[in-house]
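Okay, got some structures for you below.
The two complexes that follow have chain A in common; it is paired with chain B in the first and with chain C in the second.
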Partner chain A sequence: MKGFAAIIRRELKLAMRQGSDAAIALIFFVVVVALFPLGVGPEPGVLERISGGVVWIGALLAAMLSLDRLFQADHEDGGLDLLVMAPWPLEVLVLAKCLAHWLVTGLPIMLISPLLGLLLHMNTEAYFTLLAAMALGTPVLSLIGAVGAALVLGARRAGVLVSLLVLPLTVPVLIFGVSAVEAAAIGQGAGPHLMLLGALLLAAIPLCPWAAAAALRQAVT
Partner chain B sequence: MHWFANPARFMRIAEKLLPWVAGAALLSIAIGLYQGLLASPADYQQGETVRIMYVHVPSAWMAMFCYMTLAVASASFLIWKHPLADVAAQAAAPIGAGFTAMALITGALWGQPMWGTWWVWDARLTSVLILFFLYLGYIALVNAFDEPERGARAGAILALVGVVNVPIIKFSVDWWNTLHQPASLTRLDAPAIDPAMLSPLLLMALGFQLYFVVVLIIRMRAILTARRIRALHMVEPGE
Partner chain C sequence: MDQAGSSIFRGDAVSCVRGARRVFAGLDFALRAGDALVLIGPNGSGKSSLLRLMAGLSAPASGTILWGGVDIAADRQGHGARAHYVGHATGVKPALSAAEDLGFWSAFRLHGNPRAESRALEDFGLTDRAGFPVRFLSSGQKRRLALARLLAAPAPLWLLDEPTVGLDREGQAALESAIAAHRESGGIVVLASHVDVALGGSADELNLADYRAALVDSAGDIWSEFGA
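Moving on to the complex of A and B:
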């Protein structure tokens, strides 16, 4: 547990000192979502209909954009070798990395998402569901993203490649996240969709760090 | 399996096996096509378009089978460091991508007259499309590294992560209410298909399976030869 807390402290401190990295993902999220009214036309009816999907796709792309923060710098300066050799299980350290990544990028995206829903005329009923779905879904994006980020360490054009690998695997999050928001917007219960998102999170917490740790081990040896 | 863990021995056996398997593949695809396209009755509902199924269904089966081959080969590469497993995995991936593309294209050709649309976003079609992306991602990842060894290991882990998609494809027609019909053959009671249609379907499936083995052997030989050339270049860089 000491290693877990130490990693989170270190990551947060690094993020504070070079705050622009986390801010870029957030600004990217806002800009992508703001492009949709310009692309599909400003009719409130159309925007209201697609608002849930647009916010989720924006969040997905913003999460992809921030993935290179996860392991790339550590891989370049040798910190990753120390993590692999550390006396704690690498899986736990990867989980700490994912949690820190979520706190720095996923949490701000989640908190700002109702504001973007407002811009897209989202039904006010759906805001709490959107927050809840984002709270369950964005950690899954960080966890699945960690596997992709670990796999492409040292690859050519790693930034594009990681999106190609990770985006197909995030489809379930997108499907259930959007259907939760849409169910809430038309006044149906979003419970089942949120439970499925929760199940995805519970499955991803043990499995993704395991796969990511295996990928990290083969990247440093 | 350890007896086969010798590339030279594999090459020798593959050499002898190849013409026989290739002949059998050609024969069963030829008979299957004849039965499917000419000698079998048209469907009472689907009419002549049912003949697309004799290509579509075996392609879809092979798309999943190739992925399982890829995953099993990747697992034995990571666990036992079997020297032919990563060759088999890398050889199987493009074949699987080809079968997946064929399943998607023939499905669209069948869907146009039958469903009135080339594509619907139902669970089966979407999950097979994701399978196609997984194949492409695997191929891109394996080729993205300067050291082939590193790409092989990263690709093996990705292939195992992608296995979660296979049961989703298989059971998507049972879990969700989809436009795509559920399985007709692998049911507890008798298959819901006429024997006159079943025989060309199974023949085509067998033919595709043998075709897969043929291409797999050819591709594995090519990869092994390429490695040998690379190794020789390293010994004599001046060549």
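Moving on to the complex of A and C:
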């Protein structure tokens, strides 16, 4: 798909040249997680028990930070009109935007998460599961987030609004993501949890672009 | 304007509502290959709204807009492929170079022909700015870059909303010769402008002020929404 590749290339170029959005999300993630040992105290037992949840909540909040810009810049400069007039399905365009967003924010968050697990004394057994759960879960965050980002176009304080809209919808990702990590940490199989995360991703891939595309069409009228 | 069967792009009894306000109603147009239509009318008479309806960005409150007899709302992608819309906001990205920005839109519209892109830049006098980040271009040069898309990725229908804003004489001349060549090859141009633009031949005029009568008739409906 020529158009799909064109969107990805442009988004990555823009992210590299004005890379503050992605860097801010990543630094925010590190700072939030790093605050927990300071707040909860350095007892390894406590930190180890909550490590999965802390890393996941940090990832959720960090992903929210960059979401409102997903379509906002195009909406402001008039490019969104032209994007909506795509000679190919708008849903595919949204999917391309989500993939680019994930590459720029989700992937770095995923890659750095084991390091933050280390900071929280996470059981080393769970690192691989954490990576796998993040690999399945963070794309869902980008996809659900795209629906929120498309819905809030034109609203005042869109950044806050998009978090309020999207965070409740990410609860299933949080639940299964954390249970996968905890199951692995106590030596149980994380398979079922990862499969449920995979199912969420498979459901989000067609449904979220469809909903976001409808919201984008509404935003340009 | 005739309603002959040879018209490709036509609107039947189109009306437009923005918010609670009826902007225009009962508007007809019919354009054949090579035709140009100039939208005139005072500010707020709905020129931009009509162009957005023609682009398929918004839907008419009533009436239909047809291309080749098919409602454009029923063929969004097809209409997106055949229509170029240049609005007030240019949609150029400050962080990209002029050539990259043009190349993106060209690939996005599934053309991606580097030779056509560099010729489009040349026609609009941007060749020596091709490698510049767009943020260093003046507003007139950004406008030229937006107009260069018309040439980089050919499409039969051009919808131009005040395309001359910020253009110098040279830029306007480039636009005028592009429009003339486009019409010669059978393209259709719809243009809203407050300055005279030479369209390379005769052009129909559509005065949107003529379609405001409906506004007065339906004033009662408008006020009833506010409980008056």
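Simple rule for what comes next: the second predicted complex is superposed on the first by the 221 of 221 C-alpha atoms of A that agree within 3 Å, B and C clash if a C-alpha of one lies under 4 Å from a C-alpha of the other, contacts with A are read in each partner's own complex, and residues count from 1 in each chain.
Here is the rule we go by: contacts are C-beta pairs under 8 Å (C-beta built on N, C-alpha and C of every residue); 3 or more make two chains touch, one makes a residue touch a chain.
The structure presented is a predicted model; accordingly, all values stated were derived computationally and were not measured.
Asks: Specify the partner with more touching residues on chain A, choosing between chain B and chain C.
Replies: Looking at chain B versus chain C, the one contacting more residues of chain A is C.
Asks: Using the touch definition from the top, say if A:99 reaches chain B (first), chain C (second), both or neither.
Replies: Neither partner.
Asks: Quick one: classify A:81 as touching chain B (first), chain C (second), both or neither.
Replies: The second partner, chain C, only.
Asks: Using the touch definition from the top, say if A:157 reaches chain B (first), chain C (second), both or neither.
Replies: After superposing on A, A:157 lies in contact with chain B but is clear of chain C.
Asks: So in the superposed three-chain picture, is A:89 touching just chain B, just chain C, both, or none of them (first/second/both/neither)?
Replies: It touches chain C, and chain B stays clear.
Asks: Going by the contact rule set out at the top, does A:136 touch chain B (first), chain C (second), both, or neither?
Replies: neither
Asks: Give one of first, second, both or neither to describe whether A:169 is in contact with chain B, with chain C, with both, or with none.
Replies: After superposing on A, A:169 lies in contact with chain B but is clear of chain C.
Asks: Is A:3 touching anything from chain B or chain C once the two structures are fitted on A? First, second, both or neither.
Replies: Once the two structures are laid over each other on A, A:3 reaches chain C alone.
Asks: Which partner does A:214 reach: the first (chain B), the second (chain C), both, or neither?
Replies: The first partner, chain B, only.
Asks: So which positions on chain A get touched by both chain B and chain C?
Replies: None.
Asks: For the complex, which residues does chain C have touching chain A?
Replies: 52, 55-59, 76-81, 83, 85, 87-93, 95-96, 100, 104-105, 107-110, 112
Asks: Under the stated contact criterion, what part of chain B meets chain A in this complex?
Replies: 78, 126, 130, 133-134, 136-137, 140-141, 144-146, 150-151, 153-154, 157-158, 160-162, 164-165
Asks: Which of the residues in chain A end up touching chain C in this complex?
Replies: Against chain C, the touching part of chain A is residues 2-3, 5-7, 9-10, 13-14, 17-18, 74, 76-90, 220-221.
Asks: Can you list the chain A residues touching chain B in their complex?
Replies: Against chain B, chain A makes touches at 147, 151-152, 154-158, 161, 164-165, 167-169, 171, 211, 214-215, 218-219.
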